[in-house]
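Before anything else, here is the set of structures, which you'll find just below.
The two complexes that follow have chain A in common; it is paired with chain B in the first and with chain C in the second.
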Partner chain A sequence: MNERLISLRDLAWSAVNTPLSLVLTLLALIVFSQVGWAAGHWLVFQAVWPWQPADLCAIHSGICWPFLTEKLRFILFGTYPYDDHWRPALASFLMCALSVQTGLQMIDRGFRLNALQTLAVWGAVLLLAFVLMAGGVLGLERVDSVRWNGLPILLILSIAAIAMALPLGMFLALARAQSRFRALARMATAYIELTRAVPMLTVLFVGIFVLPLMLPPGVKISPVGATLVALIMFHASYFAEDLRGGLQSLHKGQDEAAKALGLPYWKRVGLILMPQAIQRSLPSLVNTIIGAYKDTSLVVVLGIHDLTATARMSFSDPGWRGYSLEAYFVVGLWFFVSCAFLSVIGRKLHRKAAIG
Partner chain B sequence: MYTCRERSSSYVNFGNKLMTSLKVTALCATAALLVTGSTAVAGQVMDDIKSSDELVCLVNPKSPGFSVPDSQGVFQGFNTDFCRMAAAAILGDASKADIRGIGFSDSMKTIVAGGAHMASRSITATGTRDADAGMAFVATTFYDGQGFMVPSALGVSSASQLSGATVCAEDGSTTLLTLADWFGDHKIEYRVENIADKTARLEAFFSGKCDVYASDITALNSDRLLSDTPDAFTILPEVISAEPLTLVTQPDQDLEAAVFWAFQVMLNADKYDITSENIDAITADISAQPKAVRRMFAQDGATADMATKLGLPADWAYQVVKQVGSYGEVFDHHLGAETPFKLDRANSVNADFADGGLMYAYPIR
Partner chain C sequence: MIPPRLPPPDRKILPVWDIFATAVVVLLIAFAVNNVITNMSLAGATPGFGFLWQNAGFDVSEALIPYSPENGYYRVIIVGLLNTLLLAVVSLVLATALGLLIGLMAVGPSPIGRIAASGYVEVFRNLPKLLILLILFVTAVNELPHVRSAVGFGGFYLSNRSLYFPTLVFTPQIWGVLASMGGAILLALLMQSRLKQHRIKTGKALPMLGACVPCVLLLPVLGAWVLDVQWVWSLPEFAGFDYKGGLRLSLQFIVIALTLGLYHGAQIGEVIRGGIEAVPSGQGEAAQALGLSRGQALRLIILPQVVRIILPSMSNQYVNLIKNTSVAIAVGYADLMSVAGTIINQSFRPLEMMLITMGMYLVICLSVTMMLNRMNERLRLAQH
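Now for the complex of A and B:
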């Protein structure tokens, strides 16, 4: 049935046509009006606008825009040297643009790149973002990773972690789903179950405290690097399970038909099995990606100041105390917009898969 | 496992340092014999600071009044100024302090692992911490202690009346241990409400979810002001722990001496009412100053002699006061009456010794 065929009148009638509907409608109206009133009060009626003096914020109970205009750069880039803010800004922009482009490309919009081009662009952008942040070449001043705060570190950690965890998860899923090399399957199973049985915080702590011990002497890994490795290892097992579900739901005939055509293993996987498995596991993959993206804020326990951490620092400034709601509002807005984008892409992909 | 490795490597470091210091001693003896005069006595860490031309100093990433980044992302605060003090004394330029915000236990690990030269982040000097290799406690910049805050309406005037009270305190901090000690020793029943997040913890207290809020007295003073009705809350007279908040450096005799005496310069400046504002007038008319001041700032004063021995810029004492200020100046600027914290230094243990406080300026001569 097409939902657009329901008229507005029918809809209104269905909201009041039974006592239960009537009660529920009234309840919903009360809740919405309360929330709407509070939001309007805070966002509009009691707001102190950017062009008004900051002193007004102490009197009005609404959003304090002067706080945000004063602190926005800090919330976004933290303690990165102020005069070099263009570097994290450009790095963040590149990573956002790349993510948007990749998302659009998946639903057949944006630039159409083939797999190799996509891979090259990803490699180039991540490398460029890293160079922009770290400096030390091309006349850019070196900036210690302690000062990579706010938005760029959130993007670097989440995008790089997801981008590298997906292929790793793919191999883990293949290793677990095949039956030719039993030992390999067992090892993949053990790895997946182990990382999934441990909380993410534990994996992060292992990454930052145990990983440096496993490296050969003399090799040093920065906290950001160690965290990235931990995130990749953690998310990979979740991706692996999502994809294994897809792989196992495929009809056996798919693999057998591919074999009958004389395709070797990797071609069967790359051309026949994996594309279908990815399509089937899309809802859970999107779910895992959004979860992984939001979980990145947990790195604050390792002393990495991502967007949430810089927001908290912004209202610890003695001159601007008590504006926590404004700071969290910015962070919430960012996560809402970016997660909504991921959801939209996921939903479109799913629809496309259902049609095609 | 981590600590083992850390320990063993710091023993190796210690061994190396011992060897180096033996070599250095030998060198110095030779140098002294040849009357060449050299700065080779400088320790390894001090050399590293000078060769990299920056001093890596760790602070708390968000501690209002003590260290918190301003809108430009530059750390500001009472503790931050002691990082700047060390940079001014050793490198002649306070802005050469590379100030990094880092969590509490990580900061101690970083110092031990050699990842930073010093930390100025309200670390309480304790026996066991000092006994650990890889860290040196140098100078106490702030004396604090744990106390209690209660709603005035409760009518409590002493902590001994808190029987059966619910206490809000920070989850996982030493605050809880001190509470357990104190209530245990006084055989008083109490309940703890652990809340890790500070905003949530304060909210719980202000809204009456707990009867008592426990933290360091300084924190209580500033937290009280976050309430809509600060006067409705009282800080009880009991101070139930000693918290000498102390500067920490990597172990290195020269660095420790430089930081310690730079701090003494700030205390002495406070004693003689010298500030960053009037220092130029003082040095312009140095011969008219008291002898102790002349020893500090005259070109042939005791500080100039210390400079050659420690390998510091000749005018290091002047630079500390000019670029950072006196102790009282720094205190008032970040925590005093003009700030939201309104700490009254004159009536606290952090007052000058002459005013009944614990800040005792060592002689510079």
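Now for the complex of A and C:
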């Protein structure tokens, strides 16, 4: 793309000046008008606003806000004890705030924390979120993990899985990238290739159905725990491949210079190789993270009530049947906003990496 | 002067990490296997694949091979596998077509087309596929008419349960027509290579398309006329509660194929856009300078380079798409994953079933990867 200043008139003219251009423009305009018409109809013209009575929803075909004002808390927090909703709300807020902060930090905005501080804050927040959700201490009532529903479970599962899959992926990448220990490299390769060639759902099924069988008799693992283990095992191979890409793109001289300085293996990895590899693979890591976050919604299939599942439950209530689009609208909006934020970070990192 | 010496040979070291890692893995596997055997024997079962020949006892919504609940589990697994493959092929075609359109629009001359393409990509990249699937599914079930008042269109009938469409009844003569079609394609290929030789020898380009297209089109028609083929169509007709005749695709199948088409269409569109933009503009200009026409430049210079650039990412996309067909379980289409889920719930054989299921996905994905890798290598060799 050559950088040229184009006037608006030229731009408009280029939309119609060749047959191909004209066809594409017309096609796009048809799609736009159709989508715009449907969206306007649903969101504005036929909408029943929050202050209008809910009975109107049966007559109007647009979005039913009374349904959402009634059910929003259920969609967000599910069957968590109603009076304690501030706990999942606070936990979700903390995790979101920290995710935004970490994202901004990657593109040199927000608070500047070093790696150790970031790690410490993340550990503290995850622990705090867990305590808030589970209770049982500090006078908070104990809440079983079966009742952790909606937004907080989505955030906990995706963030905890990503946070723990990253170090595991790092070890897998290192094991695969080295050539000194052949058996270790082969095992890492086999593990990575096998998990990457099967759907995530099969790994989740293994977690929920096979993992309990593999534990000694009498040892129990909660569905949330089993799902978390499966997610970590699955995402680790994807992170491993991203990081291996970063490791392989490093110049050989980096490792050789570190060796010449007499650094032992773990110091070479920790001080020279890994920091650079992470820096280089950040764009693809962010892509993998977005994918992992979106795919966390698949835990619905295992009977874990994340945001998508609570949305589904909210319109199975006999009094509110048929308002499925409203419920999914909330979920879609949430995913769209959060993923768009991550995408923006990813794109900035790409640009940064391209500049060097 | 000190004579040059060879560097000392690498010290032989004990592969500590190899031994350690192997030991850990072996111990873990032994521990798990031991626990599985104990746990299963506590439930009164021994691990094994004998259960595959027991009666499945459950019906599936659609099957490509004859199936009834009295058949064994092995047969329902095959039914699921075939359904997964069909779904994968249909969604692959959909996603590629959509991705091509989006990718071309994104680099096309129309600014409004570019906006539409990027808007589409943004929306579908930032939503989970499961959510897209559920939204499309509830919309289709709510908005489409009941079977009784299905929308008809030239023998196609769409209702909120299924799509019926006419099919050709295969008679022996139709095989003859197909054979003549195959012969025509073979002939066209032969002609093409001849024409190429002619061009290389004399430097004169003969009309390649002008010779091949009529041949491919006319020969089957001629074959049909000679064999006096009776075209028998099986048309869907409403009878009692549902349509009879023709072929049926369930709404689930259509919605999942559409979801995967839309979701991966956005990603494939991005891959294609990236591929086209990665070809330096000098390539097109050089082709123009050599006197190639726009079409020739596109076909001979630009396209081969684009294909070479995008092939690795495309093979990634295709494998992802095949893996993602497993979301079908969320709307109850009888694919491999959901059949496996039902069997696990019924027979309590999670370990065996997951081994089978993962093995099947593994074979499918690895063979697709291998095929595309081979293609990739061939294109790479063609480079010089």
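In the analysis below, the second predicted complex is superposed on the first by the 347 of 356 C-alpha atoms of A that agree within 3 Å, B and C clash if a C-alpha of one lies under 4 Å from a C-alpha of the other, contacts with A are read in each partner's own complex, and residues count from 1 in each chain.
Heads up, the rule we're going with is that a contact is a pair of C-beta atoms (placed from the backbone, for glycine too) under 8 Å apart; a residue touches a chain by one contact, two chains touch by 3 or more.
Bear in mind that the values here come from a model prediction, so they are computed numbers and not experimental data.
In this superposed model built on chain A, chain B and chain C take up the same space, so to speak, and clash. Once chain A of one complex is fitted onto chain A of the other, the partner contacts of A:Glu70 are limited to chain B, with no touch recorded for chain C.
Of the two partner chains placed by superposition, only chain C is touched by A:Phe32; chain B is not. Note on chain A: of its two partners chain C and chain B, the one contacting more of its residues is C. Touch criterion met: A:Asp295 reaches chain C, while chain B stays clear of it.
By the touch criterion defined above, A:Asp144 reaches chain B but does not reach chain C. Of the two partner chains, chain B is the only one touched by A:Gly78; chain C is not. When the two complexes are overlaid on their common chain A, residue A:Leu20 makes contact with chain C while staying clear of chain B.
After overlaying the two complexes on the shared chain, residue contacts for A:Leu11 are found with chain C alone; chain B is out of touch.
When the two complexes are overlaid on their common chain A, residue A:Pro199 makes contact with chain C while staying clear of chain B.
Contact with both chain B and chain C is seen for A:Phe209 once the two complexes are overlaid on the shared chain. Judged by the document's definition of touching, chain A residues 209-210, 213, 312, 322, 324 lie at the interface with chain B and also at the interface with chain C.
Within the complex, the chain A residues that touch chain B are 70-71, 73-74, 77-82, 144, 146-147, 149, 209-210, 213, 302-303, 305, 309, 312-313, 316-319, 321-322, 324. On chain C, the positions that touch chain A within their shared complex are 15, 17-18, 21-22, 25, 31-32, 35-36, 38-40, 42, 105, 108-113, 115-117, 122-123, 125-131, 134-135, 138-139, 142, 277, 281, 319, 323-327, 329-330, 337, 340-341, 344, 350-351, 354, 357-358, 361-362, 365-366, 369. The residues of chain A lying in touch with chain C in their complex are 1-2, 11-12, 14-15, 17-18, 20-22, 24-25, 27-29, 31-32, 175, 180-184, 187, 194, 197-202, 205-206, 209-210, 212-217, 294-295, 297-298, 300-301, 308, 312, 322, 324-325, 328, 331-332, 335-336, 339-340, 343.
By the touch rule above, chain B contacts chain A in their complex via residues 1-2, 5, 61-65, 68-75, 98, 100-103, 106, 199, 226, 334, 339-341.
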